[in-house]
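Note that the chains take the letters A, B, C and D in the order they are written out, and that residue 1 is the start of every chain.
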Amino acid sequence: MPWLSTLMGVSVLGALGVTLVRNDKLAKQFTLVVSLIVLALTVAMAVQFSPNGDKFQFAETYDWIPAFGVHYGVAVDGIALVLILLSAILVPIVVLASWHDAEAGKRSVRTYFSLLLVLEAMMIGVFAATDVFLFYVFFEAMLIPMYFMIGSYGGAQRSYAAVKFLLYSLFGGLLMLVAVIALYSIAGKGTFMFPDLVGTIQDVTTQKWLFLGFFIAFAIKAPLWPFHTWLPDAAAQAPAGAAVLLVGVLDKVGTYGMLRFCLELFPDAAKFFTPLVITLSVIGIVYGAIVAIGQTDMKRLIAYTSVSHFGFIAMGVFAMTTSAGAGATLYMVNHGFSTGALFLIAGFLIYRRGSQFIADYGGVQKVAPVLAGTFLVAGLSSLSLPGLSTFVSEFMVLTGTYQRYVVPAVIATVGVILAAIYILWMYQRMMNGPTAESVKSLPDLNAREKWVVAPLVALLLVFGFYPKPLLDVINPAVKDTLSSVSVTDPQPAVPVAQEGQ
Amino acid sequence: MNGTIEAPTIEYALLAPLLVVFGAAIVGVLVEAFAPRYLRSAIHLPLTLLSLAGAFALAVWQALKGVPTKPAAMGAVAVDGPALFIWGTILILAFVSVLLIKDEEHFVGSAAAVPGSAEEEQALIERAAHTEVYPLLMFAVGGMLLFPAANDLLVAFVALEVMSLPLYLLCGLARRRRLLSQEAAVKYFLLGAFSSAFFLYGTALLYGFAGSVELARINLALGTVGGQDTLLYIGAALLGVGLLFKIGAAPFQAWKPDVYQGSPTPVTALMASGTLVAAFGALLRVFWVGLGGLDWDWRPVLYGVAILTMVVGAILAITQTDIKRMLAYSSVAHGGFLLIGVIATGHTQAENTSALSGLLFYLVAYGFTTVGAFAVVTMVRDAGGEAWHLSRWAGLGKRSPLLAGVFAFFLLAFAGIPLTSGFFGKYAIFQAAVDNGATPLVIIGVVASAVAAFFYVRVIVLMFFSDPAADGPSVVLPSRGTAAVVGVAALATVVLGVYPQPVLDLAHTAAQSLFVR
Amino acid sequence: MEPAEIIQHSGGAIGAAWLMIALPLVGAAVLLLGGRRTDKFGHLLGVLMAVASFVVAALSFAQLLGFAPGERRRGIELYEFIPGLAKVGLLVDPLSISFCLLITFVGSLIHIYSIGYMAHDPNRRRFFAYLNLFVAAMLLLVLADNYVALFVGWEGVGLASYLLIGFWQHKPSAATAAKKAFIVNRVGDFGLLLGIFTIFATFHTLAFSDVLGNASKASSGTLTAIGLLLLVGACGKSAQLPLQSWLLDAMEGPTPVSALIHAATMVTAGVYLIVRSGPIFQGAETAQLVVTIVGVATLLAGAIIGTAKDDIKKALAGSTMSQIGYMVLAAGVGPVGYAFAIAHLITHGFFKADMFLGAGSVMHAMNDEVDMRKYGALRKVMPLTFWTFLIGYLAIIGFPLLSGYFTKDGIIEVAMEHNAILGWLAVIGAGITGFYMSRLVFMTFFGAKRWEPTAHPHESPAVMTVPLIVLSIGAIVLGWFLIMGNRFMTFLAPAVGAPEEMPAFHPFSVPGLATLALVAIGAAYAWMKYGRAEVPAVAPRGSFLTTFARRDLYGDALNEALFMRPGQWLTRLAVFFDNRGVDGLVNGLAAGIGGTSGRLRRVQTGFVRSYALSIFLGAAVLAGAWLVVGNL
Amino acid sequence: MTTHYLVLSALLFAIGGVGVLVRRNAIVVFMCVELMLNACNLAFVTFARQNGNLDGQLIAFFVMIVAAAEVVIGLAIIVTIFRTRRSASVDDASLLKY
């Protein structure tokens, strides 16, 4: 069964269907159902994935544009699989969460939800693409629905934010386009299929140029310091749901691209640039955290925490050790859940109080304990408290990095302290202390909102104590990637005869 | 030289499309002369459309029958792969533009009447209309067909004029904002004539150099004749001026915004699509067939021109406040991208094929999108006619989401976003350029299109993200013709953006039988 | 003698040791998710879970005693936590089981006590949920068989502590204190994490069995590094210098919390860590030295702070710091000290919890007044509280034959053996302890009434006093029971190793007598100053030294000056830089292009002749260029 | 000695070009363009002589015809705008700019 095409097909058809539904409420329910179907299918697919089977599974390859050697080629390895799973899980949650978001500015509700589904299809496609060109197409095309979601349904500064987001990413994408073209003509294979292209570029200088072409695009997407400034604007202006997908999934395409393309296609260049990338990541980790501490707008704050987290992910990718790589991949997933929860709950607050400034809140915990509690859990996951899944990934990344790059790892670990500061300080200012007049009458989470938050918290907890299912899928893929980059983990100073560890 | 002149052989079959179009034009003139006023447009429209369709059919038949390998009409006209492809393109685009023009609303009742004068009132009252538009258009189209097929410079010159002269007139026939329209006509006319003078002088010099105006002979002479290089270079350069002027490459782009803005929008659409295609066809033929052996010299020069064109087009468009002007500058920028394709033509068969087919594909894609865009412009009107000022477009997305959506889609295609035809056009050309080592040019092109993206996006922001003005323009219910145009253009943009393969193959085969020498 | 091998175990109470953790965890989960529905029985469920896990601990202990000493280290496989990095299992051995007993027993008592103490709090259910959560985390901390799981418990107790300190979150001071505690602890975790990374980088495993078993193979440099990093972690959790500042603020939490977490159990986790990682420290002289120094410094600092506090809980907190200082000192000494460290830890757990709960009972009676200057003459009003408190007091100052006497003097003895200077400093510390604890007792229970008019003190209900009694009994007997005949040292030996010849206990050694003398002096001085003499209702300005002590030795001031202010400044700078600098660059570029466009379009003058000119010049340039290129 | 003719034609072409740039009256500007065309004709004829084939002379006729056509169109346009603006100065027609 052509799983991946089915997934995308269902979402696209759903998107079309939504536009046909006449009544908004129906449209919402329809969207929810569609996204749930997609989720179900995705899970069904994931179950059949055999971790130690071939690298790419559920592969489908058809000629698309023979003239350019372009195929419609989709397949998943462990890394792509978990990311697709992430997208499929987040979308229904977002749908449920943004039930009323689109109604704010008397704009078409149906359009919003159909854009959501279009976006879902593209998210699945971008992770599943095994044809570099196809990847690029999705990579760029994804921008458009998100652009409209921010621009039409966002906050006061929305059009500025939307344009900034679009142009910034577009610019990166166009640089990547040059690299893609050059890759094709230099490889001279007459095909864009990723597996055929791996290892075709031998000359190191060429690799370096092409690497940069890809990397800058991904660094903007991720975003890595200093290419990050579009994110706070976009995330702060986007409606909560869109922000979740933007930070939770779209930006992952950047780090995913680094892991999949930068490393495997240009191994030597990747090794050459590793110091640079690691430096940028470490700066990003500390810098993002510090700037986050200084924010007065909670959505911007969350966005900056993500800058810091993306630093961790990129560092993990380029540390090129198994645990760092696997950790980074796991981090992409967990970060999706944790930031998702943060943004959504922040969204609920903003929907109630109508302000995203931290100063406008205070003592909410007293009037809305459940809301505050879940917000705290989400926050704790963002400071990667053990017992929540984010800890596992951050721990793996740091452990893995430390094996090879001690100093960066040490500096990065400072981020652990800073994270505590920005989260807890925000929490204290918003939830603790005497209850502010303006929030005296704030209602607690209603049933729908609980249904939004519950799955996320559950996932955070479950994978916090039992990440094995994910890691069993991720580890082989990462090992494979690293072996194609031909790096091996450093050996311990004191070899210990250990059973199975 | 024994006084006897043997009659030239003319392959009528090959030239059939041309003959049909010109024939139709002449018939049109006769109609103007003899048919009663109330009948004219009723006759013109079917006549024009049918002849265009017929010409297209003939061209297709030609292509199916097998592309000839030697020029027709004693070497004056070369009906080869590219020529046929370009013919097809131009004929379709012309056909589409006619559907726009049919909406008489655009054209002045009596051009001779002074704006605001009594006789204009009169003309309006008796619903007078310049049905001459159709024959004029047909002549222009005929010129467009001949221009890229011209195999010697004389024919090229004649074709150039045949194409341009009617257009000069058509520019001046706008019903509203007649001052602007007339000004556009004057400017276009004077500058056009000026540039064609350069073209002609260049021809003269090349004739002096090679002793012939046949492209093939000139190319031959490049190798043999020596010592007159200066003559050659200056001649080639002046020739280039004439051609680059037509495609609106910097520094010869100045006319474009003014003319595009002033002329009646349907005419603008025709110029922006048909003329551009024809001019590029001619440019390719002249530079590739006529000066092929000289490419080491002209490639660097065009390199500079291309860069200048892309940059000027993109940068200047950013601050435009008039939709038509903005589209004009965008078409300048696109001209720059197309020039990359010209430069990308290399020495080996394969290189040329890829570059050429890319170019041809780009022309088709861009032609359709641009006609569509201008068609949309004709539909957004307020009291003073079409609403050109961008500020009037604010909130259009709320007023009529469908139209705004389509227009946004066209803009995205201009910007070269994947899954639109524009993307593959750019891609094909960039790919060819990289293959032939013009990577720096590609990088500049990419940066330019990033800049260009800004103003396309800006319009989208206006239409969708900002609230409509109280007295904002209304979208007229499109006439069947206009609706069809928009529909066709949108369809083409989608199809070429999702499944370009067939057209690519076509362009490929067309390009494979290179220009016959 | 070296630690014994770990034997994989299953079955019996030990096999079910995970229940110890699971039960309170379930309790917490039920109470938190159950919401208001569980309000009615919430506290009972909490108590039940705590007691149940005590039962499991006791049974496991019994089963453990059944094995030969050499086989008393039992490992239990649970599941693979992070594939390739860590499996999770439990390690039940004399060390961990003693902790389990302490935690679950004292924990249960405090749960019971809280029923009374929190009776009137609307959020009592949540309080018990947090307490259960804490117990679970703490047990995971001590039962874990590898560093990751230990870290999970480590952070878990941190979280519980954060939640409980900030339990009355509507009080800004409480919220701030909670945040401070968490962040300072994070600083410690920073060290601990790095330690763990280093361990993994060195051994590629984090299991105690593999790491500690092979510690001797690693270079002493590595071991020192690991040791010091672990110490940082320990300092954070156990409020040792320089990370002590949070503990005093932590007293914002409800008193049972202070008793359980910030006196009896959590704050001793650092000691556990050091003792557990013994083999690493034994391979690193320097690390051990630093440990001892930190211990001594803290024990003195804590004592000094204790002398000047009028807030009864803060005074006790100071003493906690100082007592943990003793433990750390002992732990730094090595195998000889381990037994004493843990023994003192246990006894301290009893008598300090006893005193905290006593203080709580007093506050309960004086409607939450904490200022001792508003107490006085309470011994008549609340006899039970008084007597139990008195026992705790005598135990802590080391009154002969009470538990403090055995354990603390033991520590002083070994310290003396190890390094005379440290030993004598420890003795002085004991003296100061004598002073400030007596001061506390006299100000609270003796002298004249200085009550607020509104106060109507009364003895607390049985649910609160019974735990006091139980704890005080422990405070009396435990020391003797553990130390006499090196009972505890032999018991602990398989887990942590032991010196070749056991140290004999001799009551009349020089340091022992000196300690007693100093303590007596300190107590007497306190009597003169606070017992006999009138206690002013408001604190006198006092000497520089007094203020020094009152201000917690300027610890907070130092932190503010060194970290907080520069931090805030740095933050502001970073935000500014990000908006103006990084983002400014981006926007500037855009603006630049726009400006160029605006200027450039002026060239398009609209005059046809200027266009013609551009064509003309263009042609010239083109021709020129062509000529140049052509003639190259 | 054909060079002189070429020089002459070059001169005429240049004069025409400059004329276009400097004269304001549309008619005159247009005449200058015509002058340029004629310069071309001269060149053609000269080269025809030089190359010893008739093509050039032939072309000259074509050019004349084209020029004539151009005049027709050009004058039409210029006259209309003159009637509207009551001025034949090309500088007055500068509404379209920037």
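By definition in this document, a residue touches a chain if its C-beta (ideal position, glycine included) is under 8 Å from a C-beta of that chain, and two chains touch if they have at least 3 such contacts.
All values reported here derive from a predicted model rather than from experimental measurement.
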item	value
Chain whose average C-alpha position is farthest from chain A's own	D
A-C or B-D - the one linked by more C-beta pairs in contact	A-C
Chain centroid nearest the full-protein CA centroid	A
Centre-of-Cα separation between chain D and chain B, whole angstrom	25
Chain A and chain D, separation of their C-alpha mean positions in angstrom	66
Chain centre separation (chain A, chain C; CA means) in Å	36
Chain centre separation (chain A, chain B; CA means) in Å	45
Where chain D touches two or more other chains at once, by residue number	17, 20, 29, 90, 93-97
Multi-partner residues of chain A (each touching 2 or more other chains)	167
Interface hub residues of chain B, defined as touching at least two other chains	186-187, 190, 194, 257-258, 454
Interchain contacts (touch definition) - all pairs	A-B, A-C, B-C, B-D, C-D
Touch list for chain D against partner chain B, complex	6, 9, 13, 16-17, 20, 26, 29-30, 33, 36-37, 39-40, 43-44, 46-47, 50-51, 53, 55-56, 59, 62-63, 66, 69-70, 73-74, 76-78, 80-81, 83-85, 90, 93-97
Residue ranges of chain B touching chain C (in the complex, touch as defined)	186-187, 190-191, 194-195, 198, 229-230, 232-234, 236-238, 240-241, 244-245, 251-252, 254-255, 257-258, 297-298, 300-301, 304-305, 312, 315-320, 451, 454
Residue ranges of chain C touching chain B (in the complex, touch as defined)	590, 593-594, 596-598, 600-601, 604, 606, 608, 610-612, 614-615, 617-619, 621-623, 625-627, 629-631
Residues of chain C defined as touching chain A within the complex	32, 35, 79-87, 148, 151-152, 154-156, 159, 162, 166, 169-172, 175-176, 179, 182-183, 186-187, 189-190, 193-194, 196-198, 200-205, 207, 210-211, 213-214, 217-219, 222, 570-572, 574-575, 578, 582-583, 586, 590
In the complex with chain D, residue positions of chain C that touch it	601-602, 604-609, 612-613, 616
